Structure formats: C-alpha cells, structure tokens
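Letters A, B and C mark the chains in the order given here, with residues in each chain numbered from 1 onward.
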Amino acid sequence: MTGPAPAPAATPRWQLASAGRWRVASRVWEPPTARGGRPVVLVHGLVVSGDYHVPLAERLATRRSVHAPDLPGFGRSADPPLERALPTRDLARALIDWCDAGGLSDVALVANSFGCQIATEAVLRRPDLAGALVLLAPTMDPRARRYGEQLRRWRMEMKTQSGALQRLMVRDYLRAGIPRALVTFRHAMHDRIEQRLPHLDLPALVVRGTNDPIVEDQWAAEVADLLPRGELRRLPGATHAVNHEQPLQTARVVAAFLDEVDATDPGRRAAA
Amino acid sequence: MTSPPPFVADFDSATAMAQATAAALRGEDWPALGNPRVLEPPVSLANLIPRKAREQLFIVSGALETTSPKKMGGIDLDEIGEWLLELYPDRPYPAVGLGSSSGAAVYLNAALGTPWLPQTVFLPVRQPVHPDDPTSAMESGIEAGRALLDANPDWQLHHMHDANQDRLMVRILTYFRVKRRNLGGGYEQFIADRLPPGGTLLLYECRTTWNTTRIGERHVFQHGAVGGATEQEFHEGSERVEDYLERYDSPKRRWDGPEPDTLSPEAEWGFEEALRDDVLRVARERRYRVRRIVFEGPDDLSPLVADLYRWWYRRRRIPSNRLMVSSFVINDPYRALRTGSVPYWMRFNMLPSVDALRRFLDEREPFDDIHLALFQHGVDAVGIPSPDDWREVLARARREGSTLGADLDEFPHDFAHYARYSRALEKLAPTYPLPGPLSIEEFDEFLAQAGPYEHVEIEDVEPDGDRRRLVA
Amino acid sequence: MRIKLSDAVVVVTGASSGIGRATVESLVGAGSTVVAVARRDAALQELADGFDRDTRERIHLEVADVTDAVAVDRISRETVERFGKVDAWVNNAAVNQYGRFEEVPFDEWQRVVETNLFGYANGVRAVLPWMREQGYGTIVNVGSILSKAPAPLQSAYVASKYAIRGLTESLRQEIQDAKDIHLSLIMPGPVDTPLFQHAANRTGWRIKPPEPTVDAARVAAAVVKNIVRPRREVPVSASTRPLLLFTRLLPGTTERLAARPMVASHLTDEAQAPSAGNLFAPVPHGTGVSGGWKPSRAGRPGRTLAVVGGVGAAAATAILATRRAA
C-alpha cells in the first residue's frame, strides 16, 4: 500500500452463473487500471449475502478485482435444489464450483464470521483455489460451541450494529427464510474449523475487532497460531462485521497484507 | 566584600589577588585596588601635589596599616583562613586553586571560575630603621618573629627587607611574609566544603628562590627581593646600585647585608614545598586530582594564560585582538572578560618585565589594541624602565596603544592613575556578556594543542598516585 | 466524530521520557493502542516492559529519529496498515540547547530547529493524508509557553516553538474543509522532565528549570484530553497564564523585564562542562517521566527567581511608572 486510496471504485457488475448444480449470483468490481494483483473473493457469513461486503469491496476494488458471490440459498442466488440448507462442506463445494466456472484460481479469499468456516473448508479441499486467506472475525470458538452461549454473544453483537447493517440483515434473513437460517446455524455449530487450520499452508491473516463480542481475543490468537503461516491483526474499536461496519479500517489492513503477499510471490512479481 | 584581617597589609599582593579573583567569581569588577569609588576623585587630584609631598602621602598611607612588633604574639593567622571562607561565594566548585601568587593565575582562576587560596601573606610590622641598614632590620625582627611563630605553628616566616623598590616603605615598616606549611586553619575546611570528590586542586608552585640567612627553625631573613635589581646586586653591589644610593642621598654606596647561608623559597613569590605533601594527602583521601602548575618566576605563566584567553575567545567567536597588560596588583579579570581582552600580566613594572613582554609580543600574532595598566610604586629604583620603553611597546599595536589613564612621563609616581584606570576600562568598547566558566575539560583541550612554555611545567597527579605531564 | 480512547490508535513521538512517556502511559491506561516513537531502543523496551503481558499487546515500539522524513512516513503508513486507522498523532519529540546565539556552535543550533520544527512538520505531513481518507483525526502539537513568550539563552528552542505555533495555526486554516480533523497546540510552562539534563549546554553552568515546574503527567493529561476534545491552544501550569497575559498586553516591556529573571531562573551556580547533550545522538540516562526537578533537587535559592514574580512585579512597576509620568 503506497498511500491513501483514491475514492471507492465504480459500481459493480452483476453476474449470474451456473456452477455445478448451483445458480449463483455475484457482483464483480474491476479496478480502474489493471494492476495484476490477486483477485479477491469475498465470502459472506451466516444468513447474510454479498450485500454486506459492498463497503469493503468498494475500497479493495481500487487496486484489484473483487468478487462477492451470494452463496446458494442466500441473497439473490437460487435456493439449493435438494436440501433446505447446505451444510458447511457443501457451501464450500458451491464456492469451489463457482470459482472454477468463473475461471478463478489462486485468488485471495476474504471471509467474515461463519464465512471463514466455509472458506477454510474450500481451501482444504482445493489448495490451488487460493494463494492468500483472510479470516475476518472467524467463528467458532470450540469453547463457546453451545447454543446458549452463541445466542448470548449474537445478541450482544446486534447491539453494536449500525442501522444500515441491521436493515441489510433483516432483508437478507427475509430472503433466506428463518428455517434456512436455523438449519445453517446448526450446521455451523457442528463444523470443526480448528481441525482444518493446521493443514492450510498458505499466507493467512486473522483479523479481529477489539470490540467484537462474538470472537474472543484468545480464540483469534489461537486461529492465527494454528495456521502454519498465520498472522493476527487487531483492529482497535472494530466490531464483528468489520467488512461492513469498519470498511476503511479493514480494507487498509487487508490490502496491505495482500500487497505484501503479492510482492513476495515469485509468480506475480513480474506482473505487478 | 569582607576585608582581610587587620594584621594583613592592604597592599599585599596575595590578598589583593585573592580579592580580585573573588570579585571576578561574583561577576563584579575590582576597581582601584579595591578602594571604593568614592575615593577616586581625591586620588586623581594627587598629581597636582609636588612629588616629594606625594611620596610622604604614600608613606603615611602605608604607616596606617602596620602592627606593633609587641603584638606579634597575639596574632592568630587562622583568621586568614576564616576570611577566605567568607571571601569566596559559598557554592561547589569543580576545582580549587592554592599556593603561590601570580597575576597570571588570577586570570586563569577567573576563567575557570575557581577560588584561589594564597600560601603566602604579608604582615607589615612597625619598625623605624634606615633602609640601607639591612642587618639592623634583621636584628630588630628576631623577637617579633619568634613570638609570631610560637603562636602559629603551621606557618613559617620570611623576614624581607628591600631597600630598592620598597624604599619608601621600609623607613617605617618591615616585611614579615608568612607561608602556610599545611592545610590547617580553614584551608582544609574550605576545600572539603566546596570541592566535591573527583574535583581538581590547582597547585601553583613558583620556583623562585633566594639566598637567605637562617634565624630559627621556621624563620629566615631575606635581604632584597625580586625586582629591578638582581640578587647578586643586593649581596655584592653594582654600579647601578651606587648611582641609585647616590640619587637618594644615602650615606652608603652598597648594602652590607648579613651573610646568607640557606637557600629558601623567595619571600613573596616562592613556594614552600611542605604544603605539597599535605595537599597530596587530602587529594588521596578525598579522590582529588592535583594539577601542579610549576613555574620559575610568577610571570612565566603569563604567556600561557594569555594564549588560553585568546584560544577561548576564538571558540566563542569573539575577536581576540585586544591586549590588556596588567602589572603587579592592578588586575581586573572581570573587565578583561567583558571587553574581550587578552590579559598579559607583568610581575612588576621594571625592565625584566618589559623584556618579557617584548618577547611575548615578538612571538605572537600582532594585537590591534594594547592597553597598559602600570603599577606606580613611587621609586626610581634600579632597573626601572623609561617612558620610551613603554611607548615602544604601545607602538606595536596595529590600531591603538593606550595607558588606561596613566601619564607615562610621571611614571612611577603617577598615583592618580589608580583612580583613572577604572574609568578608562569602562570606556572600552565593544563589550561582551560575561561567559560561564571555562571547564577543566576545555582547559585540557587547550593544553593538548598548546606548545611547550618556557619555565612552565604542568603535571597531573591522580588520587592513586599516577602522574601525567601535560606541559613540559 | 468523537474519538473514544479505548478504541483509539495514537502515535506519540519523543516517547522514551518526559511528557511523551507520561502520555504513552496515560493512553495505554485508558485502553488506547499506542505507537511509541523514540530514538532509544532500550528506553522504549523498558517503557513497554512496565506493563503486563496483555496490555503490552497494545503498545507498539518504533525506533526512529523524527528528522528522518522517510522513517516518519513509514511509521505512519505501517500504523495504518497494522491497525487500519490512526486516530491521533502527538508531536512531542523535542531537544534544547542553552547558550548565547552569538557563541554557540551553529550546527547544534540548527539541529534543535531541525528536530523540533521539521520533526513536527514531518509528523503532520505523514499522518494528514490518512486522516483525510478517514475523514477525522486529531493532531496534538506539544509546544511551550515559549511558543508565545520569549526567553534568552534558548534561541533555537524558542524560535522552533514559535514556529510550531505558526505551523499549527497556518495548517488549521488550510484544513478547514475537513471538519473532523483537528490541530491542537499544548503550551506547558517548565515541566519536570529530563529535557533539562539532556539539553546541549554551552553556558558553563548547570541548567535547571525555573520554579515551579509542572508534573509531566499533568501535561500528558492535557494532551490526552485534547485528543478527545480538541481545543486550539492549551496552556498548562499555573505560572504560564500571567506571563502570557503580560506578553500580550505589554509585549515590549515584558520582553525587556523578563530577560534577567529568565536567565537567573534557568542557571544554577554550579559549573558544568559544555556538551552537545542528546542533539545528535540519544543519551542513555534520563528515561523516566520526571527529571527529578521537584524542590529538593532544583538548586540553590539564589537563582530561583520565579519568572512570574520577577516579571509581574517589574511589569506592574513599569505600568505604574508610566502612569505617574503621564
């Protein structure tokens, strides 16, 4: 990152793609001038859609292309054909198929919250999918994997949300429907992210807002430790959905990380 | 400023130098030999009186200061130490000077911001004796000397009689010069109070000696003194001495003094070595470094001090082209510093002093201004320079040579000069603010780049005994 | 946009001792994340080691000289890359030189101005673009009462502190368009810090601050308060206000009458060898907040003429004299 970024990028393009058994809607932003950096794929969290990634996407897209897919059953994407709600591994599968269909590989996967569980599962299955991984507020701490505890934390998190985020989430929940929301949550609770982490051998950044009630500092540090090439960044004053609530702060940290990964990547140095 | 004890002469060179040093440390000037300004107008009128009458006035003013020989046993020389404790500002110093007198040392101590404690002090004792009868002078001093020394075991006595320069004075008084042999009587207290461990003692050691006659264990008689006449001339006479005695209507044509049998430190200037042992003891005990500044004659130090000032002014980016020549007790280091003047001190005002000054000027970059402050001792003694000798020196100034108010044709009887010279000093321009003290470290820096000085040696003695030559 | 200290990221220069150190301690105590900048690695480590392990996470150390614009730029950028934002920047690193302008080595004089003025300029230039991108931020420039009232024997320091005030005011005009970016000038009177021991000294006398000194912690409190509630100019200490008042009402008279008490109140009567202090290389000693200047160490009474007492009485007399004459 050489200096403050110019104003957020132009409006994104909507795309509708068939990938495997899925039909996935996504937005894509192209930077004003092609820079050769790794494209970013933003992975959303529980029940929300790519909509809440827009503030972060706009700021990242000043220098690299950014994709924000709506995973099956969420946002504008079609419902999954057979199940009510996809378990984590299938959401990961959908992500992989969509990337393949779009010709995207060796991307920078940037995920928030439950999306971190999906992204890590995807990278485990397909190491060639991503060249860099960013986990913004990763769930789920094994120690807190109890419904009661999670509910308490999510309730605290809702108090920190801005009005815009709250409205967005209501819209997304209505689109997804409450049953899907509950089932997806149950799937998330059964998923063991900590088992995957040690096998993900790629540059990885773990980001935690210091005011995040869902992700504890100790857990975030553990995530960074478990990742073979993991680094932890704390965002003072930031909350949980940092991509929407503290987009500039998040973008600066993420972009710096991705720039550095790009710069030290032998394959990309020529292009950059 | 407090006065010295009453038994000490006001015109004693050592106490005058101590007072001038103390004034400089206080950031004050020292006008007209310390006499208050208010006396200046009357003194400046003195030249209107005929010369003979002027001489009588000089004698009388000296007579006011003598002590009766019968009272010698009641004198406590420790009062000198007490006076010194009050004379200097009560604060810590990085160094303390002590030992032999030298006007050059006054300027050096003033630059370093250090006090100086004299080893030698002059007690004028009332005694009417013919100036040309040194043997009678010696004999009349024996009783008084013994009484004084019994009462003051730390001191030794050099009874001096000089019919050449001090001719006016010796008619009514005789010169008892006493030297401390150790650091008692307030001296050690001064050092302990005001010199923190790690500090430096500047020990001034003048090597001038004289052949004297031993009277007692701590008592010698010295016929003659350092001045225009040589020691040999005092003991054996000369043509100059004959002319001089004839000029002054003396019944004698040479002096018959007692036979000398002991080599002693010269009464006024010489350093008594016993003091050094005590200084080294204190230095070991309290971790002081002793810097021995050793010189043959008291003005052998003058070129070094003059060079130091010039070096220091150049560091401070002040032009250093004004030379202020002072003599004997006419010293005002505060004024020198305020006017950016390089001080050169002459021991007295006789031909040897002029010769030394000429040699100094020969070997230095020329000065733009040269000012002379001449001591007037009122006697056309053997070895006195002529007014033209002084004029020749002044002519070496590139721009202006002045006598700071003295009338050269009246020399050495121009007593009014004392009053005029302070005012003349005040008129000098440009002036500079008084600087903070020169540090010992900077003094070391100067010494490291300065060449050797004739008849001067400087040696550091560390508390553990290591010695290091700084100037050889 | 009100900055919350427990969420704030603050950069502090001159952090290894004195006001800077006290500011770091105060901010860390309030929950901020602090980037502490100084030349002395060991002193910074010692500062950080004074906190427990968890708190230690919120302190980031940077060894740099503020006259190095490239380094200052890097620190600003890396702070933003690491924490995503910079809420406040405290320009505080300063050095001093005592001695007469006519006599002091001029490379030292220039170095004082370079560190004090250029150092601050580098800081503002490095951080301002990031604050513009954020839309908010507070820059706190630690000036001095000598930003408005002169003192002799410290011409480089006084010149630089006046200049800092000019810089702050001029910039404030330039950034009016950015409503939530604030520039604040703190003006402490003499502060109990090691600055007096670190200063270059060409006077020949040991230096001490005039009495009474104010605790560095109090200045730090003013700095911290200003981050949250920025004001234009903040004098700190009891003795500054009267002197500032006199300077404003009777500038010529005050300048003249204050000169001698100012000299007397800064110099002790102990000789001290000249030195360049910490101007060109940091000095290892003196790493606390306090310089140890509270009454027992200040020096002999003979030279502790309080500036205000001296000036106040003198100025009052001058006013009365002119009135009587009129």
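Criterion: contacts are C-beta pairs under 8 Å (C-beta built on N, C-alpha and C of every residue); 3 or more make two chains touch, one makes a residue touch a chain.
As the structure is a computational prediction, the values presented were derived from the model and not from experiment.
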Graph class of chain-chain contacts, one of line, ring, star, complete, other = line
Key: Chain occupying the middle, per Cα centroid   = C
Highest C-beta pair count, chain pair = A-C
Inquiry  = Using only Cα atoms to place each chain's centre, name the chain farthest from chain C.
reply    = B
Note = The distance between the C-alpha centres of chain A and chain B, rounded to whole Å, is 93
Ask   = In whole angstrom, what separates the CA-based centres of chain B and chain C?
value = 52
Between chain A and chain C, centroid-to-centroid distance (C-alpha), Å = 45
Remark   = Within the complex, chain C is touched by chain A residues 1, 3-5, 210-211, 233-238, 246, 248-253, 256
Message = So in the complex, the part of chain C that touches chain A is made up of which residues?
response = 4, 6-9, 32-33, 57-58, 77, 80-85, 129-130, 132-134
Note = So, in the complex, the side of chain C touching chain B is made of residues 100, 102-103, 203-205, 267, 269-274, 300
Task = Within their complex, state which residues of chain B touch chain C.
result = 89, 91-94, 113, 316-318, 433, 435-442
